[in-house]
Amino acid sequence: MQNVVIKEIFDGFNDYLNKEQELREQIREVVREVDQAVKEATIALQVIHSSLTEVSAACVVARKQFELCRQSFQRLAALIPEGQYYRYNDHWHFLMQRVVFLVALTVYLEKGFLVNRDTTAEILGMKTKQADGFHLDIEDYLLGVLLMATELSRYATNSVTLGDYDRPLAISKFVADLNSGFRLLNLKNDGLRKRFDALKYDVKKIEEIVYDISIRGLRADSTTGSSAAAPAAEQ
Amino acid sequence: MQNVVIKEIFDGFNDYLNKEQELREQIREVVREVDQAVKEATIALQVIHSSLTEVSAACVVARKQFELCRQSFQRLAALIPEGQYYRYNDHWHFLMQRVVFLVALTVYLEKGFLVNRDTTAEILGMKTKQADGFHLDIEDYLLGVLLMATELSRYATNSVTLGDYDRPLAISKFVADLNSGFRLLNLKNDGLRKRFDALKYDVKKIEEIVYDISIRGLRADSTTGSSAAAPAAEQ
Amino acid sequence: MQNVVIKEIFDGFNDYLNKEQELREQIREVVREVDQAVKEATIALQVIHSSLTEVSAACVVARKQFELCRQSFQRLAALIPEGQYYRYNDHWHFLMQRVVFLVALTVYLEKGFLVNRDTTAEILGMKTKQADGFHLDIEDYLLGVLLMATELSRYATNSVTLGDYDRPLAISKFVADLNSGFRLLNLKNDGLRKRFDALKYDVKKIEEIVYDISIRGLRADSTTGSSAAAPAAEQ
Amino acid sequence: MQNVVIKEIFDGFNDYLNKEQELREQIREVVREVDQAVKEATIALQVIHSSLTEVSAACVVARKQFELCRQSFQRLAALIPEGQYYRYNDHWHFLMQRVVFLVALTVYLEKGFLVNRDTTAEILGMKTKQADGFHLDIEDYLLGVLLMATELSRYATNSVTLGDYDRPLAISKFVADLNSGFRLLNLKNDGLRKRFDALKYDVKKIEEIVYDISIRGLRADSTTGSSAAAPAAEQ
């Protein structure tokens, strides 16, 4: 190249481009670790669809995987340069929703309530404020909760198969409340909105299961509301 | 909603969602200002395709619009919260490339060389470091330079129509050097790479114009290299 | 631009284009208000799926939101220039159907019959004639009624869960009559036709609920027709 | 149907629905007439691509077809109920752009300038104000002008083939001015914007034709600007 000015200008960029590519490779590596832990936790929690007695044990296994996620996320947090969380978050966006889903499902199975974002972040060793850099995004939290609702509709179906007629009623109340919670939100017309629009199918599905139980007189009694809300893992 | 826990969790999110939407609206407003300035500068610089004598004046008009962009960008910089540049940069990504294109074209017309990223940022009142928050991204700079190359191929065509047979030769050398500059870069397989792949068509187009001029003996002489490199605006 | 004729022609259009964009922005603002009221009314009316005793109270809340809609629609009517209702109605088309749905559901819950278009328009402070400019479109009215039918099928399901075995029978008769009503219409092959075609699934769904109740001998007696038609809100 | 209320409500709608369908059928009939005239005018004007001497005659034929369009548009105007132009304009939206294109092309061939919207409307027997009901929409006018630009790039190519080396230069100036005209407009991100973005390809194409003529020394002389702008039909 004859033009020294241009050569100088471009020479300076390669350092930047190479560093970025290296960093992305490192991120991908950590993300693969999280992906592995997510897979293990998912497999463990699948047992809820086929057994009433192994739920507690599955939650223990899942908790161990969250501990692995926690370690990976701390490495990830150290990798991301200040102010560049949103530059790289495409790498873990989807996976983070899966992790939140698993944490929320586990806490629901253990305790019967919705884990909030702060506790989810704590379990995963993450911050919650944007100013803290690597943090648990509100959108990722909400999308993870929606994933749980879909899993719960499947759980309601299989509970009936396993002979547990109280579980679907508790799930129905819980998911109806989630639905009302999302309705409170001022969602703009984006991905979260569309995903929330699909929640109604989960709600309807679970209501129909409860209907089938009710019409056949399979509900324990009409005052089962509180006991039905008991966490699955304590059964 | 009967579930107090869920209500509390969701109530807290609306504040966040509303603030985000307000901020995006404010960003859109400033971006519209920049868009207007870009339009005016573009119209002014179009004169290079139809007149040999009005180039300097057009550069003066464009420079005034860059001053307006500078003011808008400073407002934009004040709007973006720390560490969230990459969260919102979709709003100005494309427009920033247009601004860089116009600055690079203007400097080339005035001085005959490639403006570097630091000077471009200075003209636009922007920082250059990522750590500084709102900054002139390297990718946006490079994509703007590629837009200029395409405009220069059109400029070469119309220079011939206007009877200026030296200009295409100078442009050819300049764009060939740009091409060599981009070849130095370690581009991964992304948007920048694809856009760079299209640069070869501009290079080829300009080379054919120089060929047409050469084969017809329309070049002043074989030592016109230096005079041809003279900026257009000084003619 | 050197061409004075062209410059003059185009100069005149910007005023038009800017005014249109301003108007659309104003319309969007009012539509957002209606959207908020729709959201509140929807949340209030969700209670019919989980409680037999709170229906009346929910209708009162919904009515208050219709009052807010009424005020917004009057502002909207003032915004739309004469003869341009159909130019801008994409902004409120979908939302209008939601409002009609909520009004029709509320009136059904209160009185047990189908609100007609005139009364719906009156509740919302709208005209009914096209010549009046901003009016309640027949298509929007019909599409809103179809939305209600789907909600009623869910209501029938949950009534059973709540132990109300008369409600589904009343709903079944009502929705069957809606179905007959739509059959009277000479629908062409458009959106309304397609949406009506889906009504049969709601009809079928509700019929199956009534079947489930009947086959299990859960119906009060065979002469419950008139009492079942009693509005929910009076229970 | 047992429900008298519902029957009454629906009975009233059929009259409305039938009238609408009848009206749409009548509109379609008139639109077919216009379509036929557009076809004839298009065929007549195709001669500009193969003959230098038959342009005037082609314009005369086209003008006769515009007279037929004029009569059809007057029938159409009488059909459209007050305030419902925008309800039915999907029927003629596309065709109207074709008609404007043909009128603009004919006037350009005859006189060498851009016909304005008022004159176009006059030729077609249409109003220009929205308040007048059936009128020539600004968007349709602008889209028609853009169609003409594409045809002119083809005309420039074929003029060279026919040995007319001045025509492309005049077209180049004209289309460059159209381009500047469109740049003045505050277009939002819609169909018109996208269509305008494609104009640059027409501009570039024509510039390259002028380039080819220039580099080969085929231009009459450097002062041909004014004579080149002379209308084609007067040759």
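By written order: A, B, C and D. Residues from 1 in each chain.
Rule of thumb we're sticking to: a residue touches a chain if its C-beta (ideal position, glycine included) is under 8 Å from a C-beta of that chain, and two chains touch if they have at least 3 such contacts.
The shown structure was predicted, so the numbers you read here are calculated from the model rather than taken from an experiment.
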Top of the farthest list for chain C, CA-centroid basis, is B
Given over half shared residue numbers means same and under half means different, the chain A/chain C interface is different
Expressed in whole Å, how far the mean CA point of chain A lies from that of chain C is 35
Whole-Å distance, C-alpha centre of chain A to that of chain D, is 55
Distance between the CA centroids of chain C and chain D (whole Å) is 41
Each of the following residues of chain B touches two or more other chains, namely 1-2, 43, 50
In the complex, chain C touches chain A at residues 39, 42-43, 46, 49-50, 154, 157-158, 160-161, 163, 209, 212-213, 216, 218
Given the complex, residues on chain A that touch chain B span 1-3, 5-11, 13-14, 16-18, 21, 81-87, 113-114, 116-117, 130-131, 133, 138, 142, 173-174, 177-178, 180-182, 184-188
Per the touch rule, the chain D residues reaching chain B in their complex are 172-173, 176, 179-180, 183-184, 204, 207-208, 210-211, 214-216, 222
